[in-house]
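Shared between the two complexes below is chain A, which pairs with chain B and chain C, respectively.
And then the complex of A and B:
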């Protein structure tokens, strides 16, 4: 944040970033046998691991968790037959779990351990005739999967293996007249879906196909007087939208259309005294909101945090290796 | 955790409930690994997914079980399908945002044809989906899963009923002007959903829409939803049809002038209404009154400093230069 205007007596009491506590929260979650949060993550553990590692990496302390143990665990969720990863051991393969697995391996610079041909084959098999992607073999379609598929391929440097033009055509069919995007054609704009669609467009260098000013405006209107963002008009604030809205704005080059200072204050207020970041001040923290809070702070150049790349949701040094 | 405050999670009863549920889930997974499609296995899986509807693997497992019933008597299948709907409904009432559960219902409807469930029954199943959407939206009028579910099942059933959506959104909007979801789905369906015989009917429709918006603005000028819809309307109410964009209304300058006047009346009453001022900028620019628009933008930067960057950009994109 800026150093100008040192009127501390006027500003609200906003504590510093309690990074040490957040590290401890993540460590506890990983090591402790039983907790509320652990049960909540049972069916999306691999994403939980990705949020945890990405958070630690932003705080430059990736070594807090045992790398080899985690990489070995990731492969326990791998389904050799399909080439996809599941959300936990014994769980069925899914596209978004596969993305988390690939992101984790990218964070650890261990992509070589992947059977890339097989994973590419899995993702290819998820693309539908109209360009959309299914989330698994059972056929749920959603723009979240378009982003998941394209990002996964991009990380493995294999984008050309799917029909990118058709994929983008489908994403554009999900655009609304408010400039935003929904989960399927005709569905309401939602900041989470916008992040996915803008991400898909950014990864394929197709942002010139949308009205970035219109969408940037809609996104800037997500900021509420408390400084936090909602995900849709006339809804409440929530830390996860700090990431989805701000990263979308970063991809569109509109990050200065909102009040960064107030957003920073809001995120810091959502820190739990026990570590971790919650959706709102006073709620229970979790690793999901911890990552999204830290990710948004990183996009705003918060001191001592590594910079994150909005379209990859990975720190820039990892992205540099991928793009090399 | 979304909306979970301190205190609720720490109770030891809650932890032991979760722990035994997790143990049950593990046992159900073992049945899956052994490809056990017996009634006992089915009952166990049912118990787990009802309380833990995020357990997507077990829903998948149920689908394998359901598919294994192919070829059985029609009555049996209809009963099983209806039981499955009750199960998912129970789960959704407790966990209205469980993706895997909503998806299970989409799958049930999609698969009914392949299972040779007859058309009349399938139509009944489709109506049950809409009834569920309506029930879920009564609990939370903004549940985007429920709104999108309507779209998804309509597509599967081949029932494109824009008039029904328009009518439903009207009820929703009249009950709460800040229901952006309803305004959105209204905008998507309006052109096809209202029978328009002639130009007079079209003019009348535009008047009605504007009247409703005016009520919304006066009820709560800070609620964004109606203002976004208004912007869409002022653009002629564009909609997608057969791969291209068309406009429902032909918006004339005369109309815009009237709207500007109405907007100014609201500003006279509520001088700090950001949305009225922002709309005024838009209307002024449409009418080519750039200098006044610029003055209004200055005012906006004062009352809404959070978005200073946006207003600076807005000021720099003068229509006079275009």
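And then the complex of A and C:
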């Protein structure tokens, strides 16, 4: 007997995408500065803002939040000495926060407000001898940072400013026995890390260096009988894996290898009646899962949502501007 | 070394930042109390950093910051600098270990422990720490990956085979454990640490995986492991002793419950030169498509590949 469906099938009817409620949820999150959720987000606030804006943009209601106020706030997290952005005001620069800042500016088509030379300098300074990237000046290494660095540079059209060959060599060293990727060489394959590594390879046109079929199959095996995805074998489903797995499969050209209807149903079941999307049906929603649920639905061409580019995690019209 | 709020207040006085003292306002409903304290502590620590002050009171404040936000990488770095300056790295490792217990899924707490181990260039309590963590949560990603790093850096392979076997015995579906087992084989038998004492043979390892797979034939980990071992050893699947028999014994009519065994068996048959074997493979892929409609397009892909191979043979 399979253990993969170690939970009850949800019996409630699958409703539509309650976009209006999600918009309201995100607006309230932004406006209620003293809420518990905002407190929990404080140390990675800039990523929270990116997830919020990207969600709104997918739903084509970017104007729900005040652009100027947000752009001004983004620059309050900027450290002009290093060229990096912090997760919040007064926090030290960090690579993933810098990526979120650049993504926010891309969403708003305000990339020319950046001191691109300085930001490039910051990212360059994060690359190590072996091609890997650190997340902050204290040195933690992880393939998430490889993706973050390469994507950030790609958005600014400055990919050649780092050693791309070495960067990709490092990513490939993190490839595992099952075709997947981990956070550092040898670490277990995990859908989140796979997204980062496949993203890094896609952005640098290096996907021909991996066994696409093997990885595509491993990713397709993340789909559980309930329709949702897990992140590695024998773990529970979670809406965020809908994004990590599906976008990876989209980049590999294998998005057909899963059951879209079942995944769509699962994501819709994860909607909260008060707005927002949660990790699983019935749980408390948050902006992280809201973005990943919407992103996955967008990849499956769900009606009335803008199409998202899996490599950039930005809608295609933003990517078109970048690639122009 | 942990702090009480009283210590914190004393330190704040010492910083002479009375205007930044913890707020005595009643926090709004639903808010975490002392949120404004956190802002004050961080402001105080930033001030110390700007003055290049590395002090006990700074360490106390950084501990308070970490309490609220264990991901605060700057507060962690401050503690590293302080513990080195004061010759308290061993004590700081204990502190890091305590924090790992409280925050087992936080990147920065594990990273702190690792940086201190690097500074001392000794494994200290890392094996014990990861073992305890895994006993709480046998799939903790950070614990497994940190243990790999420690074992490789300090060449501590001797008991690891037994260690990982216990986890697989406890839960044959633990993919993290299988991943670690592969790491051991790759580093010892096929890698630079081949002076490892009880080096298992490939036959032993594949027999082990086959044996274990019987406990959960629907689980992918042992089958992925076997595939990977054959790639390491550059050996065709069909040459793995006992594998074909074991797969046949698992009755691979390709139900949803044994699709990994059936998939592997079909792949072995597909590699054969015999047309009859290839046709058997095609039949299995068809059965898999019928029993696993979720991945029907993947099985279509396998079917079309095998049909091409049949028409060429």
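Throughout what follows, the second predicted complex is superposed on the first by the 312 of 324 C-alpha atoms of A that agree within 3 Å, B and C clash if a C-alpha of one lies under 4 Å from a C-alpha of the other, contacts with A are read in each partner's own complex, and residues count from 1 in each chain.
Going forward, a residue touches a chain if its C-beta (ideal position, glycine included) is under 8 Å from a C-beta of that chain, and two chains touch if they have at least 3 such contacts.
The structure displayed is predicted, hence computed values, not measured ones.
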Next item on the list: Using the overlay on chain A, decide if chain B and chain C clash or can fit next to each other.
Entry: clash
Notebook entry, point to check: Looking at the overlay, what does A:238 touch: chain B (first), chain C (second), both, or neither?
Noted result: first
Check: Which partner does A:283 reach: the first (chain B), the second (chain C), both, or neither?
Finding: first
Notebook entry, point to check: Touch check for A:91: first (chain B), second (chain C), both, or neither?
Noted result: both
Check: So, does A:220 touch the first partner chain B, the second partner chain C, both, or neither?
Finding: both
Note to self: Just checking: does A:189 make contact with chain B only, chain C only, both, or neither of them? Give me first, second, both or neither.
What the structure shows: both
Checklist line | Partner chain(s) touched by A:138 [first = chain B, second = chain C, both, neither] | finding: both
Notebook entry, point to check: For chain A, which residues belong to both interfaces, chain B and chain C?
Noted result: 34-36, 39, 42-44, 90-92, 94, 136, 138-140, 176-178, 182-184, 186-190, 213, 216-218, 220-221, 223, 225, 232-235, 254, 256-259, 262
Notebook entry, point to check: Considering the complex alone, what residue numbers of chain B touch chain A?
Noted result: 1-6, 8-10, 14-15, 18-19, 21-22, 25, 29, 33, 52, 54-57, 60, 63, 99, 103, 106-107, 110, 142, 144, 147-148, 151-152, 178-181, 184-185, 187-188, 223-225, 228, 231-232, 235, 238, 305-310, 313, 317
Checklist line | Residue ranges of chain C touching chain A (in the complex, touch as defined) | finding: 28, 30-32, 35, 42-43, 46, 69, 71-74, 76-77, 80, 107-108, 111, 115, 139, 141, 144-145, 148-149, 152, 173-176, 179-180, 182-183, 186, 216, 218-221, 224-225, 227-228, 231-232, 256-257, 293-295, 297-298, 301
Margin query: Per the contact definition, I'd like the list of chain A residues that touch chain C in the complex.
Written below: 1-4, 34-36, 39, 42-44, 90-92, 94, 135-136, 138-140, 142, 176-178, 182-184, 186-190, 213, 216-218, 220-221, 223, 225, 232-235, 254, 256-259, 262
Next item on the list: Name, in rising order, each residue of chain A that touches chain B in their complex.
Entry: 34-37, 39-40, 42-44, 86-87, 90-92, 94, 136, 138-140, 176-178, 182-184, 186-190, 213, 216-218, 220-221, 223, 225, 232-235, 238, 254, 256-259, 262, 278-280, 282-286
